[in-house]
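Reviewing the structure listed below.
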């Protein structure tokens, strides 16, 4: 479990590399920092109030709270968490990693143009007002969606749908980058992106297999299943994206392979401990096909989801959540076994997440727009934020 | 065990970086993809049929098969694997990582000139017709080499010798790169190579220590021994390669240090749980010396093993397998204890792997040469495959 | 525990990237090698004599020794280590990683100018004459500092203070780089530095949570606490460094965020299993503030601690060791509970480490200066050591 | 024939390319060679930070354009570059310079053509 | 004395170097300065892909050679570059151009020599 | 007006900049454009190692300076470059060269000024 938490932490540098490689050189640091900084701000927020809000004693199923959990001061370090046999602190940390990675995912949609300090404030507010309640609803024993039977094994709804739809809302509110569609915007360093995808996959095992502890202890059969489905979905998705591209453009890109992996991992997240390996492969392949076309939408509709946070995480998350209702076989049966009720519950979860996270983001962003401004100045955008905001450049290859 | 599987997965990005750093900029992505793509294609192949072929019920010791293992559909997720106390799915995944990394190793020999799509097909066919049988022979309880007492703790024979000799055969069949020996071909980014070597070492602990589970559960003494020998061999090998270079050229290269680490890790792989730490150090040091000179052979004989997949993995693997027969002390004694019989068994394993993998590769490649063509076009080779095959460039550092 | 050892190993590539990114392009490889090479030389030294010196039977509390531990030959592979329930070999390996990372930390102070081969010799001698005794004093059951009750959970004193003060002594003895303060010396690749910081954080969980095994087995409550404090301190420190910079220069740098993370991790190292999460946050934040100003000192006093090995590790380590005496609540109480005695013990530990490591380094370096010379030639320094010492360049981006 | 060498701000390249497309005959296929240089002049260099310390970088990154044109096009080209490269409204220090060097001969490698028609 | 500046395809550099070695006196030690530029001309740029979307890169990477030679060597040099840089058999769009600029003075830093003998 | 192009060792840039600052009117704000090139001449290239095998790199990395100056400053500039770029005490192969090309016109983009005063 501790190992799983450590693995999930590695997703943050993984995401930083994944995103950082895709932007232009002039924004590589600011984009990476948008991930890394979540380790700092949400890392503190979670210990101070986040955990209390998400997993404190339920206030009617809508939010948690326990004064004793503020700053984790009231947690007896030897006390095991409910009946899981692990110390509660370990559970706090594991959940904390999810809280950190989620806002960082959003940064993909707003890369290269959002004001950095507004992003920081947004992150904290969003984590507190959107993420914590949603996590409570879906994962806390008394959360209203949990009690209604919505399945979300490792964060398809709480993490990926919430981050994806919020990303879309922000991207639309920000407007496109000044040279979106006009200039050739190309990734500065795809080596980083591939490496990041590798670290993400690695970390995702912590995400999904570690979540098995919510079901059993010591981790065993369910963790093994989650591991297998995670691996299978990612592999099938990578393959499917490649074939898709081959058919569409006659080429097979490395960014495509990496994107496929991520799409498959996203889709299997809510399902990891609930479906069979072959179902996971189908889910992964479908996710790639659907996300591939979802990504093309932005050119159609003209919004600038820079690195496709919505196209991959949002769409992949929705698809995964619904397909969980189709393919699940444990602990409940899905559509495949002729039972449509779980699909309904999943759809409820998806709907709630879309409306709540989308609406919440809209409100927060509207306030921030009025107060701090959402967008970097034009000069910052032209020259890149690395120099203006951070006083640094990513690479100095020409020094003697 | 799950952790070990995750660590082994990280060897794939590790290998991608290790190899990707050594080629020229124009081929960095295609070289990295040759590793990453194995996660997709072999990832799917293993779940569909690979595991059934390698670890299904033995058909006379030569190949496994169980219709119920196709797509892993017949595996009860709670069923423990034989008497090891771990769920079978966990074992499937752990073995799957070996199946993924092995063909990726081959790509080092054919970098910068093999046709990408032929490589993909080769990979799947080779995994099915060469890797799965060999794994069955050496590791399955009824495999004919296993029953004869051939020791291969974590894949010296199945992984490294098989990949190494196949790499050599492919390199010879492909012919050298068009500017091999004519132009100064230099690694585009040794930082990647060093980082990759670090990840490989890290992942190798999963490889070797995780394999202890084949011997005992819960992992304990043997895993500890395997961890120690792995570490010791790599350290000694790194040191030996450095000294070698210092003596030969008066310089100590970073690529040499990294290569030494890998050579030592390769050599100790078959021996990890069977030899003492000091023996492991001797094995590592010997491996560096022998591999160093093996690598020089290619200039002598004119074949172009671009990144020395044979020179390091093939030669290191053979040496390691034989030395295992010399230094082993548990569960059987080797030459050092005056018993030559294990050395004979090891030689049998080596011989079989060389002939079977080498011959199999020759046959598969001959067919592919006639049908798809092995080699990239001259224009692709000149401009680099990144642009032609993938429509991408590794780095765009000049964008404003 | 094995996992923890593997995680700590990953700190070496992490450190190599962290440091390698900060130097100029012409020294990127030599700087990375200064970390990697410790895996080779100390890896061998530890197995041969290091472990025996640090953890062999105590000779009066001042040094360990057991002829049977030389080459680890006398360790029964199944024998558990004292009452911890883990095989002794696992303990050997875990401790070995600390021995490897510590001298590598020093390299940050002498980057871009120390003679490579002198560095190698220094490393081995220092590990043997400074590190091993100190580790014995602080961690061995009969070590004289241990018996006096000095707390050092995971190496604040042994690792960070020792490395930091040695770094300072070496930096002063070497003198500044030839263009220190004259030229604009800028990091060649901050992407590496950020990635390295991510890997360091990840590996640090192994460092700190793994050290819990020294206290209990199976790892449980203490490991969970150590994990939580590690995470909390790093997050708070990252945030504090950012705010510091924002206030001082109006910008928030990525190097600053990464440095803050490291400073926080250093400070919490001696305290990880002894303080509460909120105390860890305070320690982290204080460490950032103090280290930030400590780093500015070098411009004041004119010594050239190139990458701030003293400024971050030395100062952070001292602060952390002292604050441990303030905030500790388990197994003993600190100043916060009104008990000043632990603070006194901590101060003793700090003082001893400063004097012993500083003095030892001074003696070793003086001898080496007379015999081998400490400093690279002026030409090597101008052109960069990569080419002269290693015959390589980090990047070849211009090849066609 | 002249070789026109212009040093401009990287961020103005887009505007200059547009302006050139307007005046040169080939429309969007006018010929140009571009590289990146470091410049030093009246403009202040960047200030970067390294752990709380200001590092002054004297040189500024600039984009250099090289256009070889027939005499008749020299003034048009200069005017277009000036238009695109100037910071509105009154220009700013660092906007760059245009240098004109005599060009004696041009050879098109593909055809072997020489002189004005090869340009 | 002339300064000869040639823009060629990166992949032809090898052939050009060989051809130059043949005509210049110093054999393989002839003097040259090389850098990498972006060119735009009649040749189409690359098409790259970004998640299923085509990105057109207008400029093409080219190699620029600069050789300063005495008048007697100008034609030889041009001929050698042309020979090496031309795509067989008839040349292709993008093969590049050679520009010749007058050179007034040369100084060898090491010795202070000037003019033709310093070149 | 002349365009002075100098190819020097990267490691001598510092010294050259200092020397130039001494002779040019603007003190430390003299104008210059710098880029990095690969040079080939009498100087031997580097030898690198790749797994025990020597790889000879024929070309050497050099720094190229471009200074456009009024006629009165040409000799001063040349002298300063020579002073800074020469390896003490007697110069060494690879110290580089200085080339002088006629410059017909200069335009300051910011103001539109031309000629000597714009330089």
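Per-chain numbering from 1; labels A, B, C, D, E and F assigned in written order.
Simple rule for what comes next: contacts are C-beta pairs under 8 Å (C-beta built on N, C-alpha and C of every residue); 3 or more make two chains touch, one makes a residue touch a chain.
All values reported here derive from a predicted model rather than from experimental measurement.
A.B. asks: When you check each chain against chain C and chain D, which touch both of them?
C.D. replies: Shared contacts of chain C and chain D: A, B, E, F.
A.B. asks: Could you tell me which chains make contact with chain C and chain E both?
C.D. replies: Output, common partners of chain C and chain E: A, B, D, F.
A.B. asks: Of the pairs A-F and B-E, which shows more C-beta pairs in contact?
C.D. replies: Spelling it out, more C-beta pairs touch across B-E than across the other pair.
A.B. asks: Rounded to a whole Å, what is the gap between the Cα centroids of chain A and chain C?
C.D. replies: 33
A.B. asks: In whole angstrom, what separates the CA-based centres of chain B and chain F?
C.D. replies: 50
A.B. asks: Roughly how far is chain D from chain F, centre to centre by C-alpha average, rounded to an integer in Å?
C.D. replies: 20
A.B. asks: Taking the mean of the CA coordinates per chain, how far is chain C from chain F in Å?
C.D. replies: 44
A.B. asks: Which chain A residues reach two or more other chains?
C.D. replies: 3, 184-187, 189, 249, 251, 253, 255, 390-393, 395, 397-398, 400
A.B. asks: Give me the residue numbers in chain F that touch at least two other chains, ranges are fine.
C.D. replies: Those would be 11, 35-36, 38, 48-49, 101-102.
A.B. asks: Should the pattern of chain-chain touching be classed as line, ring, star, complete or other?
C.D. replies: complete
A.B. asks: For the complex, give me every residue of chain C touching chain F.
C.D. replies: 179, 182-183, 382-383, 387, 390-393, 398
A.B. asks: Please give the residue numbers of chain B that touch chain F in the complex, ascending.
C.D. replies: So the residues of chain B touching chain F come out as 184-187, 244-245, 248-249, 251, 253, 255-256, 259, 292, 295-296, 299, 308, 311.
A.B. asks: Which chain A residues qualify as touching chain F in the complex?
C.D. replies: Chain A residues touching chain F: 398, 400.
A.B. asks: For chain C, which residues count as touching chain A in their complex?
C.D. replies: Per the stated touch rule, the residues are 3, 7, 24-26, 184-191, 194-195, 197-199, 201-202, 205-206, 209, 219-225, 227-228, 231-232, 234-236, 238-239, 242, 249, 251-255, 257-258, 260-261, 276-278, 281, 330, 395, 397.
A.B. asks: Show me the residue ranges of chain C that touch chain B in the complex, using the header's touch definition.
C.D. replies: Of all residues in chain C, those touching chain B are 2-3, 5-6, 9-10, 12-13, 16-17, 20, 28-30, 32-33, 36-37, 39-44, 47, 71-73, 77-78, 86-90, 92-93, 96, 116, 189, 192, 389-400.
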